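These notes are about the structure you will find just below.
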Amino acid sequence: MTVQLARTPQEAVGDVADGSTVMIGGFGPAGQPVELIDALLEQGAGDLVVVSNNAGNGEDALARLIQLGRVRRIVCSFPRQVDSWHFDEAYRTGRIELELVPQGNLAERIRAAGAGLGGFFTPTGYGTPLAEGKETRVVDGVPMVFESPLRADLALVKAFRADGAGNLVYRKTARNFGPVMATAARRTVAQVTEVLPAGSIDPESVVTPGIYVDAVVPIDSTTVLAGAQPSERGATS
Amino acid sequence: MTVQLARTPQEAVGDVADGSTVMIGGFGPAGQPVELIDALLEQGAGDLVVVSNNAGNGEDALARLIQLGRVRRIVCSFPRQVDSWHFDEAYRTGRIELELVPQGNLAERIRAAGAGLGGFFTPTGYGTPLAEGKETRVVDGVPMVFESPLRADLALVKAFRADGAGNLVYRKTARNFGPVMATAARRTVAQVTEVLPAGSIDPESVVTPGIYVDAVVPIDSTTVLAGAQPSERGATS
Amino acid sequence: MSAETIPAGARGTAPLSTAQMAARVAADIRPGSYVNLGIGLPTLVADHLPAGAGITLHTENGLLGMGPSPRADLVDPELINAGKVPVTELAGASYFHQADSFAMMRGGHIDVCVLGAFQVSASGDLANWSTGRPGAVPAVGGAMDLAVGAKRSVVMMKLLTKDGEPKLVRECTLPLTGVGCVSRIYSDLAVIDVGPALDGEARLVESYGVSRRELEEMLGLSLASVAA
Amino acid sequence: MSAETIPAGARGTAPLSTAQMAARVAADIRPGSYVNLGIGLPTLVADHLPAGAGITLHTENGLLGMGPSPRADLVDPELINAGKVPVTELAGASYFHQADSFAMMRGGHIDVCVLGAFQVSASGDLANWSTGRPGAVPAVGGAMDLAVGAKRSVVMMKLLTKDGEPKLVRECTLPLTGVGCVSRIYSDLAVIDVGPALDGEARLVESYGVSRRELEEMLGLSLASVAA
């Protein structure tokens, strides 16, 4: 479907039903779609299942969503961080369920959902507590664990630039989970620094084809890019 | 390992043992590494297993390899073409084994090998003759077939440009199988139009990171690119 | 002329030409759709997609945003479609490798896939890759992936073979491409809904130059009307 | 100083500092290698890789060709390593998404992965993600993928805990990260080979300031010599 060019993060995120599964891009702060998460906070949906590599930092965004009790369950690889006190508290008091998934299995499970696959065997996690109860199989002499696809109702990602066809390019290690999450959700929303006319992004360099993107919203992110040298902003032709 | 900058296709292909499994990129003529296949012809290895989407056209390259009886078995999705007479003849007279794989399963099996996965469930092919005897499973209501990883000793691919780190970018629909095959072989050789200094390819636009590439060789391919507009040759920054 | 606006059992006055068939398929494709057109007859649909409707074509050899064939002097052998015919790229296009391209297809991201067929069954089984003739060289390409991958897979074909045999059948006798994957057949004589949701009874949407009775006799099948 | 040139049972005169440990690990990394350095102690190895040896660093959050930390005024919050510390990109670098990054790791394309550890068993089992303490918030990140993915996974750690407990053990008592995945331990007191190929008996490669007998007593394990 044609990509929606939203004016605000609220408009981009739109209606989210209670109980939705929401994927949130980012590895620590890099690639975290802060403004979209804020819009989700404002929108009000609760009883959410969140799929995200981390479980929030400090007081804002995902941490706040957890603090407010809006997240029933989180699927992630690394919830514990120095400033993940809101998750830690919710977890210790049993107010949030945690499914801990090795980072590579998390990425691959999301990809499998986006690619229409029914699951895969992976060596990662075999023989560890995170594989307990899972189907195993020896493939070419290597013991493996079966992992299932992981899909979502909504994906919130942060990219660098979009074009009018919804194509996305990312920036440095902020790319991380964005491209796979964009493929695995019924609706994908991307915040970007700017939206260019269709044809402005080299077709050879598109990372997320527009078919995966339902809405884009430009966010002034000069603060986030403060450390970047100006010349780099023009690096993607 | 550091990428080998070869001067000739022969040097790039190097020694190939009889009985090797060789992946060959290309979808029809687009992306077919003709000069590397010619080097393999000259090198002399036989009893080969070839993994390639098609089974050769006309008299040259892969068709010739088959005509000479050097291919014991081929794994491909679409052997029959208007000019695949050498394959057709070898197949009809029982001189070559054929494993026919749906194109998407072929690509995904190659990717699985490169990604260290032990196989996956796919809906493609379920209930058809190509899934006969294969393990099946219903996932979320969808019947699926189990497919195994497909790896090789050698991958021959055609890319557009390489840099000194072995990074590759491709050109238009000649990209096709190159990027997945490069990940799935013990040794990957790429023919390109030119090899640039490391750092000449935008790190955001690299399609095949140099870690997957063992040797690159520049080939003057002005004839192949005859139809391309000159400006397009400078499109990748 | 969308199927939804034609009363059940509607009939044109004459069989459709292939161009009319292509136009009929195109009329059902919604603005903004992502579409894959199979090799052969379905390729013709591209000529009938309305300009400005934001319909984007996918070709499984690795391009989204495919444009029409180029002028002869602009043919690029590295820019081809799944039928290996030279094409062009439109503004907003993107290239990707085969695993990503079939992930896009298999993952249900393409809205409509239009396929050719040798046979389609009332329950939506498709046979379009093998004539089943002994000694023939088999080739499947992306047919099986395309059949099961799109949100909606439809078939565009002549309703009868050159020998007058029906291609809509109770059960396919040729080797299958996919099970229960086709939801609608666009043919020269009729548009007919099929698929696993219909309990094995195909439904006539509209016909051209033939009556429902004539179609039923021709096919040896009973055809339900589209529910009121 | 490569392990291969040191006779079995060689010993330095004093335990290694962490910088010396890092240099010792670096000395075993061959020119042209692709390397992933885990969070914590292993990060220090980067400072000891010889310039011009063509060693390329991978960070699993999506960068191959990682360079050292930038000057404070050039810090880019979108260019970080797996420990979320700002880094730089070198000429020839490439970025990729998480599925591609872990495919690179899991697929055996990284030559060496250097990991920290809480415990390693003589058979190469690794425990480095969970202290197993009840009530602790668990977190695994990429540890399990890294442990099993590289061509060769080695551990860099102090040989004893702060409380003097051995970290090389007969069997890990902490939750496992991977089974039989570690082939060598680089520690302050010794370099020791482990892994499933050694039939459960760790092999002393070299020691620093302690004798083999002292090590065996410290660890409660017998240590074989490297085969002549």
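Note that the chains take the letters A, B, C and D in the order they are written out, and that residue 1 is the start of every chain.
Going forward, a residue touches a chain if its C-beta (ideal position, glycine included) is under 8 Å from a C-beta of that chain, and two chains touch if they have at least 3 such contacts.
In this text, all values refer to a predicted model and were calculated from it rather than measured experimentally.
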Neighbouring chains common to chain B and chain D, by label: A
For chain C paired with chain D, centre-to-centre distance based on mean C-alpha positions, whole Å: 55
Euclidean distance of C-alpha centroids - chain B vs chain C, Å: 29
Whole-Å separation of chain centres (CA-atom averages), chain A against chain C: 35
For chain B, residues that touch 2 or more chains besides their own: 108, 111, 115-117, 122-123, 170-172, 204, 207
Residues within chain C bordering two or more other chains: 63, 89, 95-96, 102-103, 105-106, 149
Which chain pairs touch, all of them: A-B, A-C, A-D, B-C, B-D
Interface residues, chain D side, partner chain B - complex: 31-34, 54, 56, 58, 63-65, 89, 91-96, 102-111, 149
Residues of chain B that touch chain D when the two form their complex: 1-2, 111, 113-117, 163-165, 167, 183, 197-199, 203-204, 206, 209-212
Footprint of chain B on chain C - complex, ascending: 59-63, 73-81, 84, 86, 89, 95-99, 101-103, 105-106, 125, 130, 135, 137-145, 148-149, 175-179
Residue ranges of chain A touching chain B (in the complex, touch as defined): 108, 112, 115-123, 137, 139-140, 142, 144, 148-149, 169-172, 202, 204-205, 207, 235-237
Partner chain D, residues of chain A touching it in the complex: 27-31, 53, 77-81, 84, 87-88, 91-92, 98, 100-108, 110-111, 122-130, 143, 170-180, 207, 224-229
